[in-house]
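In what comes next, chain A is part of two complexes: it sits with chain B in the first one and with chain C in the second one.
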Partner chain A sequence: MGHGNYSHAAHQAMLADRAALSANEIFAQRGCHALMDPRGLKARESRDSADHPNSMPIVFALDVTGSMGAIPRQLATRDLPNFMKLLQACSIQDPQLLFMAVGDATSDRAPLQVGQFESTAELMDQWLTWSYLEEGGGGTGSESYELVFYTLAQHTDLDSWSKRKKRGYLFMTGDELPYPAVARHQVSALLGEVLDEDIPVEEVIAAAAETYHLFFLIPDLQRRRRCEARWRELLGDNVICMESPDDTCAVAAAIVGLTEGALANLDAVANTMKSQGIAADRVSATVRALKPYATRLDPDAVRRMHLVGGAGAPARAPWWRRLFG
Partner chain B sequence: MVAAPVRLSHGVSRRALSLIGLGFGDCGKGLFTDHVCRRWARDSVTVVRYNGGAQAGHNVVLPDGRHHTFSQFAAGSFVPNVWTVLAFPVIVHPTALLVEHEHLVRQGVVDAFARLLVDSRCLVTTPFHQALGRLRELARAANAHGSCGAGVGETVRHAQHRPEQALRYGELTNGSRLRDKVAVMQRSLLEEAEQALADAAFDPRAAPEWALLRDARVGERWIEQAMGVAARVPGCEPGRIAERLQGSATVVFEGAQGMLLDEWAGFHPHTTWSSVGPAAVRAVADDAGIGDVKHFGVLRSYLTRHGRGPMPTHDPGLDAVPEAHNASDGWQGEFRRGHPDAVLLAYARLCAGPLDGLFVSHLDAFGANQPPLRWCHGYRIQGDGDSAAFHGSSYDVDRVQSDLIVGLRRRGDRDLDHQTTLTRLLSAARPAYEREALRDAAALIRRYEDVAGCRVRLGSFGPSHEAVRSLAGLDL
Partner chain C sequence: MPGQARWRLVVCPYCRSSVTRNAELVHAAAFHDALLRRRSQAQGVAPTVALGDRRFRVLGRLGGGESAEVYLADELGCAAQLVVLKVARDATGSTLNPEWHVLQSLQAIETAGSAYFSQRLPQPVAIGSVVDQDGSHRQALVLRCAHGTWGSLADVMALNPAGVDARHAVWMWRRVLQLLAFVHGNGWAHGALSPDHLLVEPRDHGIQIIGWSRAARSTPDSRARDLVQSAWSVRAVLAGGDPTGGVGTQVPAQIGALLQRVSEDARWCRSQDASTLDAALLQAAHAAFGPPRFMNFDPAPDQRRH
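Take a look at the complex of A and B:
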């Protein structure tokens, strides 16, 4: 029997158009999708089910301002399946993904978009590609990241938390600062609910942190300067400075693996990534980005690294000793 | 239908022959089709594809080193003036035709579209059929059938299930109607996928297929290409095809796949959605008013199988045999080789009916530095439990000795339960070989002729048509 190569190529051309398409064609929304509009939002629920008894809520809040469009595009064309594969490799049982989009509420038309928690790849993909990449923002040096914390704290309901006291994960990508407080007029305009007063960003972070591990991912080292210091004040070691936006999925999957204890340390991270076919340079970049966070999870790591001659020290003498010793 | 003229106007009597694979495919139909087209190229030659679709892969190598894997165009297309007819019930994949045509142009064949006729009744494969077919195969996981991923089976299945939605080649010229039908098709196939496969295991290969089934823009993209093909090769009425065949001095029916993959004779479920044998040739010939057709069985000097399914004489030791164009890649999976198998040949011959001769390829596989080929003359069943399951069922095996199976039987023309039983039997079968390895091509030919009850007419001793030798003569 034959091969189907020409039909394969023809089919690939229909599929692969996705990779060849511009972001505008994949993300065809030209305004906030009605189902992602947070107005009147009650709660986004992450529920256990017969098929997914150990739901593990993971939220991607993607900065969709002009400078940050690369990450949603990579996710849609390439990385979402890889992310699921990596989570599987980290033995995370039943991940449920929620995609949010965040922009600048002082100037954008759709600065807050909220999908639903989903367990199947195609529905995840659907919410992701329904996101409207407004590419606004700019000017103020801040984006409305605080609205994401507020939404998670006020408007999500997690079985993992209520049944098992397990927190979910937020991975927010961005390269600017949050506004100092959640503005009540914005909450009223976007979500249609009334607050008595503005809420300082520290407070919404504390509220969201009750049910989520919060991470802020800065896409590359150039953009680190703009915002790292402030985010460190707010989130400490949970600010992850990546070397390239390409590593977003690997970093996020590794963080879940490390935090859940499925990956014991950075060596395990590196091995798992390699076994999943991630290029060696991307693996080392991922490991470097995760070092501060992994060190906090395992405070002994640093001491172990400096324990020369103690138990577990390398059996082979260092090269200079072999040369000169 | 117009009655067939016995003689063509210029006084040459028409010859019609079919090439039918007797194995699991990859037997050399491409090579022999190329050869017979060249043999009679002075007069008009038309090659008819009468079964299968874009999953066919018939390799032709020219002495100057050019190579093409023919899929929908006839394997004789390197020969000038040889026409291809895609006859009903072939499943047409228009966008794959475009891709194949581009490949042919690169090999120096620039006029293949001008030498192509497509029956307007032929079913057409859309990307949605292909996506759903692939999702089904992925959902089978370990129980995969060995699909080529070309969407052929899904196209047939859907047309049986929803005949009113079936899309035919003749409809590709009517844009507005085509748009409506394709939209309905997409919705219907997506619904089916959601109902049948919603909880299929997460496989990274599934995500793009789901995305395609849900993508509202794919239909339009496909329609544009498919209409482009139909503009170059408009579907033709059966009468036009009959005219072409009746006006040809030589009509070659080029079979796809092989008898052992036939939808009813093959080992269910590792089969193709297509009828392979002489009866399928006869149906198309009758439709076109072509009289006598001589049927030739095509096979290699050893057995091959591409993709899943039982193969008792499989021997990894034979992998040293060079194979230029059948790598174990893509959708089908592993390419396996096995020793020549008398039981399967006898069974293929039984399913095909009487043949006028055999064409045997790869007769150069007997050499000092080639792995020896052994003749399998029967099977023993592995393990007591398995043998108990089969010894009682006298209908499915012939046994000369108490424990040696030397033949498989058929039960009715369309009994898939029986075919499933045969699949189980073959999976448990342990081949019994002659003590000595086959000494040379002559020893193999003698045995093939005994089992098939006909002469080996042509044999090939190399990759191109130049290496084909007339053995018992081709008296046409």
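Take a look at the complex of A and C:
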């Protein structure tokens, strides 16, 4: 998969008539599309080709439960061309996008949907809009995010990794917790394969992290409060707390740019976004959301913090200390 | 062969080999091995501190309080993240427990503004004991790194002996008052609001309040004390190395008068709250400097020049 060339103009034209459409009209599936049904899935392949000699696999795993429907719609009506444009501005060559949809395997009809890696606007858009926005979720406080990690670890094959030892990217959107383990009965029911034991979520994340940079994007600060702590235990600074779901694509593109070294720091992120016509308030919000991750990548970040040499308290207390008892 | 061999690996009772009848069986052990590989990457990195299963590489000392030393550290392993390690000086006891519980309570607040303000308060990650170099166990509190912060107002003062510009002092005090309004409004008081406990974010003109070991449920007196201490902190950063702590002639009169009254009249502060003082400060700043506008703040101007 991944043949053909990307045209930003063609992509924009495709989306031009969609602004007035409702989510139900854009996402017309009323059940899992047969080609996104993971049952019997062997592998989704991201391959190099003559047109794309340096394929860069990027996976968007979109939470399609009731509370998270805004992001797929924004992607389909407005943001996906902007994401591709930002990647181009960062000189990221040959991106190949795969869309997945995730829900709750304890209650939903289609809790896992898997597209294909694609390079052209038409095919990216096709898989995105073939996603079934079930808007379910079981009210358990958890969704089946762990199945995404399992699928990527077990059922994707990346030339970027096998030929160049370059990991792909997973951007998973969500506002709930993962279940503690990949349940073997769910793998059997959804993928049709036999798993000998349940797999703790920490282990399935470790397996997926061998070939992907894993990121969990929380859509706003209010929703970060119910899931951030657990996700940080699992993914550390790769949990990105956004201020608005509107920032999803800018955040994802900036992460790729920062990680690949195309953007040196957050100033470069801001400048690139501004040059692409992104509104100043969204630039600021994106930069704020990326601060923890960018700090990790920046070799000078720790130096810029005011570290104190030596041990113990200063020999002579400053004058103002007596005021604070 | 046991029947379970149809769907999982079983150990053969004769040769002790792991066997299965299902040629397409997915082995969970392969995922476990991935986790072990990931964890092994953290081995051999020194110096490290272990807290339960978690390992941290200490990057430097951030400071020290009356009961603990504070370090910047990198959590190693799968969930790599920058954290702050607060290690108790006392080898016995549980001196960090109160702070852990207060921070958890503050982070659990669900009221208007909590999504914003909870980011300006320390986020507790874990608590446990670490082994010191001499083999003794010390209690340690792990906090999420306050990203974007440069250092404390005490550090700013040390590097700005002539004091900071009054316009910077205005935004610093406003951020403190806004945070205090949230904290007081939800029934807590800090109790030790000194320049050591105010971290500055130069880029966003933000302030984070740390050092919550003396925090307690608020009373009119404790709220007033926080307000008084916030004003003294700002006076200190305005005065820099001036041991009189004077407001100074460069501070506009209206702002200076407000600072002086809040810092010296605790009884009056009992009748005020942080929001009211913030509004008064905004008004005074507007009268002195005009509408708010962003000014770049360099906490270490002399260091930058060298």
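The definition used in the following text is that the second predicted complex is superposed on the first by the 284 of 325 C-alpha atoms of A that agree within 3 Å, B and C clash if a C-alpha of one lies under 4 Å from a C-alpha of the other, contacts with A are read in each partner's own complex, and residues count from 1 in each chain.
Just so it is clear, contacts are C-beta pairs under 8 Å (C-beta built on N, C-alpha and C of every residue); 3 or more make two chains touch, one makes a residue touch a chain.
Just so it is clear, the model here is predicted, and its values are computed rather than measured.
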- Task: Figure out whether A:Gln126 sits in contact with chain B (first) or chain C (second), or with both, or with neither.
- Result: first
- Task: Name the chain, either chain B or chain C, that contacts more residues of chain A.
- Result: C
- Regarding the shared-chain residue A:Ala50, is it in contact with chain B (first), chain C (second), both, or neither? neither
- Message: After the superposition on A, what does A:Ala9 contact: first (chain B), second (chain C), both or neither?
- Response: first
- For A:Met84, select first, second, both or neither according to whether it touches chain B, chain C, the two together, or no partner. first
- Query: Of the partners chain B and chain C, which touch A:Thr295 in the superposed model: first, second, both, neither?
  - Reply: second
- Touched partner set for A:Glu233, first chain B, second chain C, both or neither: second
- Check whether A:Ala34 is in contact with chain B, with chain C, with both or with neither, and answer first, second, both or neither. neither
- Item | Touch list for chain A against partner chain C, complex | 153-154, 184, 187, 193-199, 202-207, 209-210, 220-222, 224-225, 229, 232-238, 288, 291-292, 295-296, 302, 304-313, 318-321, 323-324
- In their shared complex, chain B is touched by residues of chain A numbered 1-11, 13-15, 17-18, 25, 51, 80-82, 84-85, 88, 120-122, 125-126
- Can you list the residues on chain C that touch chain A in the complex? 7-9, 20, 22, 24-32, 34-35, 37-38, 59-64, 69, 72, 75, 78-82, 107, 110, 114-116, 118-119, 123, 125, 144-145, 147-152, 154-155, 157-158, 192-195, 204, 229, 232, 236, 243, 245, 299-300
- In the complex, chain B touches chain A at residues 24-26, 52, 54-58, 69, 71-72, 93, 95-100, 103, 125, 127, 130-131, 146, 148-151, 198-199, 202, 204, 206-212, 214, 217-218, 221-222, 256-258, 261, 272, 306-307, 326, 330-332
